[in-house]
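Below are two complexes that have chain A in common, paired first with chain B and then with chain C.
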Partner chain A sequence: MGERVLEVNNLTTVFHTKTGTFPAVSQMNFTLDAGETLAIVGESGCGKSVTSLSIMHLLPDRMGEITPESSIKFKGTEISKYSNKQMSNLRGNEISMVFQDSLTSLNPTMTVMAQMVEPFMVHQKISRKDAEKAAIEMLRKVGIPNPEARVKQYPHQFSGGMRQRVMIAMALSCNPSVLICDEPTTALDVTIQAQILKMIYDLKKELDTAVILITHDMGVVAETADRVLVMYGGQGVELADCHTLFTNPLHPYTQGLLASIPKIDDDTRLSTIEGMVPSLKDMPKGCHFCDRCQYCTDRCRKENPPMYRAGEREVRCFRYEEGN
Partner chain B sequence: MGRYILKRTLTAIVAFIGITIMTYCLASLMPGSPLDQLVQPESGISNAELAAIEHKMGLDQPIYIQYFFWLKNMFQGNFGVSYTQHRPVVELIAGRIGPTLLLSLSSMLLALFVAVPLGTAAGYRPYKGIDYASSVLAFVGQAAPNFFVALLLIYIFAVKLRLLPISGMYNSGSSGTAGEVLKHLILPCLALTFQHLGIFTRQMRNSMYECMSDDYVRTARAKGLNERTVLFKHTLRNALLPLITQAGLSLGALVGGAIITEQIFSWPGMGTLMLKAIKDRDYPLIMGITVIISVIVLIGNIVIDIIYRMLDPRIDDKV
Partner chain C sequence: MKKLLEVKNLTKTFPVNGGFLKKSKKLTAVDGISFDVMEGETLCLVGESGCGKSTLGRCILQIIKPTSGEVIFDGVDLCKLDEKKMRPYRQYLQMIFQDPYASLNPRMTIRELIGAPVHAFKLAATSDELDEKIREVCKVVGISEDWLNKYPHEFSGGQRQRIVIARALIMNPRFIVCDEPVSALDVSIRSQVLNLMKDLQEQFKFSYLFVSHDLSVVNYIGDRIAVMYLGEFVELATKRELFNNPSHPYTQALLSAIPVADVNYKRERTYLEGEVPSPVNPPSGCRFRTRCRYASDVCKSKRPELKLVGEDHFAACHMCGKITK
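And then the complex of A and B:
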């Protein structure tokens, strides 16, 4: 693995709402090395997207806020307290992001060309003409046929898969060190999904970009990730390399999650995790998973466990406290 | 684009015919007859003579026959002769259409020029000072009756401060320079603008507010664009779309509202002419003015649709 590009420590993001302030993400720790793919998995609302939006400083205005004790280091520089202006030099240049819904994420009233040239012109300060050439080159790279003609069209004239290719081309145009993909294939057909994932993988190899892949699809994780961070209730609960996680999950939530993937050669009833995900507003005081956990103890209800190291991996559960 | 304009024009013609039928029926249903105005009761005119006049004017025919006569003449450019003013309707309207267009269009433009920046600022920084200020302005603008605002403006600027003329379009005895007309235009234009300003500002504020949380705005920020580019290049154009629709809807109300405003300020437009025509049961004049106003509104709507299409490329494929 290459240089450390991203280091997130104790990231806590709170949301201010009418009913009060509550943490959407708390005590997140993870690192990302150049060329590596880290998958962040978890159910809807577990804080995957908030984590990535926090890194980008793109939380909803006036609502989301990164707390002062959080630390986000990009290539060794602390960026968690960066101003909007300082961040805009990084965004789209050093750290890029691809969003889930490519139809709403592209501007409907601007041609693809007008949107493609922007990162080039803003970050590389090149002329419009050169930017247009570079944009067409980038679109060719992501597999858009006949890009010279297609750039003059508007997003609604592209298919879902093609639009997501445009989004990826746009994100990669300034050769960023980190690419955050927030459920990039969720809105796409399965066949297109595979193409897009393969393309991200190939481009990542070619450009040595580190990728954070946010998904709730364990199949996608197994295919693409080097390491996996499992999230539950706004916290990371298990961090391990991909193979280890799938063969030997440690955290009870990870175990439940993997057990609830349907298998084609298994006739037994599909297992589920009992209970409901607690709302972020009334998280249990102790371990966030305690109400649904079969190993739950009194201590779990009172204290929130820290991330324990177990060799190369980390897990947030008292069962793996040193000495156990 | 050419096909689209043709299609819109054809539907506008159908709408236009519908409008003339409705207006003709409504005008004929009004109590009283044009003869009441023409013939004084004490003049001792005989019933036979009355019937002769009625026949000469075509008033003894069934209403649909009257309408078809009128329609045929209209397409030949003949709107008939005013019953009470005894001059061709075309001639009467021609002298009045300029001032009405000047008043309506200037207040439409003024409303847009104020509403777009104000609504944008309010929607960009919602629940802050400028947003609350624009809300108050909008509610007052919508709630205050047009004539009241007009009288208030006259009281303040013409009577108390003596800055602007009370009424008319020129100084008496003058042929009217552009500056003079402009000075007379200010108060009626403000009165007419005020009403639409509220709706326009609220519409702009709301669509701006909604657009700011759209995904493509987040994408624009994720590209590293500065806020000015995000706002003016990415958001504003999308936020303008609902306002354009609103402006199209308000066009009819604007020309209609001009009738009251013109009356208060003695503005020599079609409004004053229209009121007199209705009072006199002057069918040819009522119909003539209705035709002109509906043509103005229909053309205005086509223009608005074309602007909308130029701003929103998605419409292109749906037609």
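And then the complex of A and C:
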């Protein structure tokens, strides 16, 4: 693996609402090396997107706040306390992001060209003419046929898959070290999804970019990720390399999650996780999963377990405490 | 097994506005589809967005009036009935939609919502009888009684989908069209709802037409599967046949494109080139030919018909049998 590009330590993001302040993400720890794909998986509301928005400093002002003890290190530099201006130099240049909904991410009143040249002109400070050439080159790279003509069109003239390609082209245009993809293929059909995922994989290899892939689809994870971070209730509950996680999940939530996915070659009755995800406002005091866990003990209800190290992997469960 | 429903040559075209002084064009969403639904079976429709699977489901229930074709239920062609004559049949033909947030009126309590169809069809003489019916159906789908006086916003997606299922079930339906019922739900909740739907079918013996884009869900719940592409069936087979022995190149590509949540699952992946053509102006002959790697001249000129290629297995492809997987 390459150099360490991102190191997140004890990341806690709180939201201020009318009904009080509560953490949307707490005690997140993970690292990211150049050239690797880290998948962050979890169900809706588990804090996957808030984690990525915290790294990018894109949380809504006054509502979301990264707590002072959090640390986000990008290539060894602490960026969690960066000002907006300092972040602007990083965003789109060193760290870029691709969102789920490409139609709302692109400006409908500007041609694709007008939006594509921006990152080149702002970050690389090259002339418009050179930027236009570079933009066309980028579109060719992501597999848009006839880019010279397509680039003069508006976003609505592109199909969903093509728009997502444009988004990825824009995100990669300054050759960033980290690419965060927030559910990049959720809105797309499976055959298009396969195309896009393959393209992200090929480009990642070519440019040696580190990718954080946020998704809820375990199938996508199994096929694209090197390492996987499973989230539940605003916390990471298990971090392991992809193969180990799927063959030998440790955390009860990961086990339940994997067992409840319908298999393509097996239609025996699905096992389920009883109950439902607690709302972030009334998260249990102890382990966040305790109300749905079959191994729950008194201790689980009282204390929130830390991430325990089990060899190369980490798991947030008392059952894997040292000596157990 | 007995036939419950017979669909013959069902077609639905929508006019697409061409604009001022321009002739309006025709969009054929469902193009001459025929099939049967047996009693107690689950027939699944899969396909990508815009292939007409939802329109087909709605045309069968006459929510959208089909342009031509027949839907025969109990020996009666539903397409020929007017709204008034159709009404008695509506009781037996129910629908579950994808978005449980949009399909429940936020101003009604759960009791009112579940009781509404009983009211509309005057199936309960007294309010005690209505209460009894509601309580019974709640027990079956796992809704606790203290939910009944609450409003939809107090529930999560999975719970709401249960309420929607209860509302369909209270009419004693014989046929339920489910339009992507679990697509909006999280994985752990999805399995609860899928299990519930399967249990209910076993208990009450109704049939499902299950519309979905997710082949692993379809594999779990379905008995037979129909694959749609641009308004047509390209393949129709029992679940085992379809997954083990897909004959149509589109089905093969679709199966190979699904991400499988198993790191030990090995396969050769075929990537489909390009995107689905516009249904306003579909390709001549076989509609899939523009993306098909086996396409030849005959595909351009002649439209393939669904033909038998195996036991209970139909496919619409000229090259069937000539191609190897």
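Definition applied: the second predicted complex is superposed on the first by the 321 of 324 C-alpha atoms of A that agree within 3 Å, B and C clash if a C-alpha of one lies under 4 Å from a C-alpha of the other, contacts with A are read in each partner's own complex, and residues count from 1 in each chain.
FYI, a contact is a pair of C-beta atoms (placed from the backbone, for glycine too) under 8 Å apart; a residue touches a chain by one contact, two chains touch by 3 or more.
None of the values given here were measured: they were computed from a predicted structure.
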item	value
Side-by-side fit of chain B and chain C on chain A, or clash	fit
Touching partner for A:Ala210 - first (chain B), second (chain C), both, neither	neither
Which superposed partner A:Lys198 touches (first chain B, second chain C, both, neither)	second
Chain B versus chain C as contact partner of A:Pro60, first or second or both or neither	first
Touched partner set for A:Arg269, first chain B, second chain C, both or neither	second
Chain B versus chain C as contact partner of A:Val178, first or second or both or neither	neither
First (chain B), second (chain C), both or neither touched by A:Ile261	second
Partner chain(s) touched by A:Pro119 [first = chain B, second = chain C, both, neither]	first
Larger contact residue set on chain A - chain B or chain C	C
After fitting on chain A: smallest Cα gap, chain B-chain C, Å	5
Chain B and chain C footprints on chain A, overlapping residues	none
Sites on chain A touched by chain B in the complex	56, 58, 60-61, 84-85, 87-93, 96-97, 99, 101, 104-110, 118-119, 122-123, 154, 156-157, 167, 170-171
Chain C partner contacts - residues on chain A that touch it in the complex	43-44, 159, 161-162, 189-195, 197-198, 216-223, 242-243, 246-247, 256-258, 260-265, 267, 269-273, 276-277
Footprint of chain A on chain C - complex, ascending	48-49, 156, 158-159, 186-192, 194-195, 198, 213, 215-217, 219-220, 239, 243, 253-265, 269, 271-272, 275-276
Contact set on chain B toward chain A in their complex	212-216, 218-227, 229, 233-234, 237-238, 311-314, 317
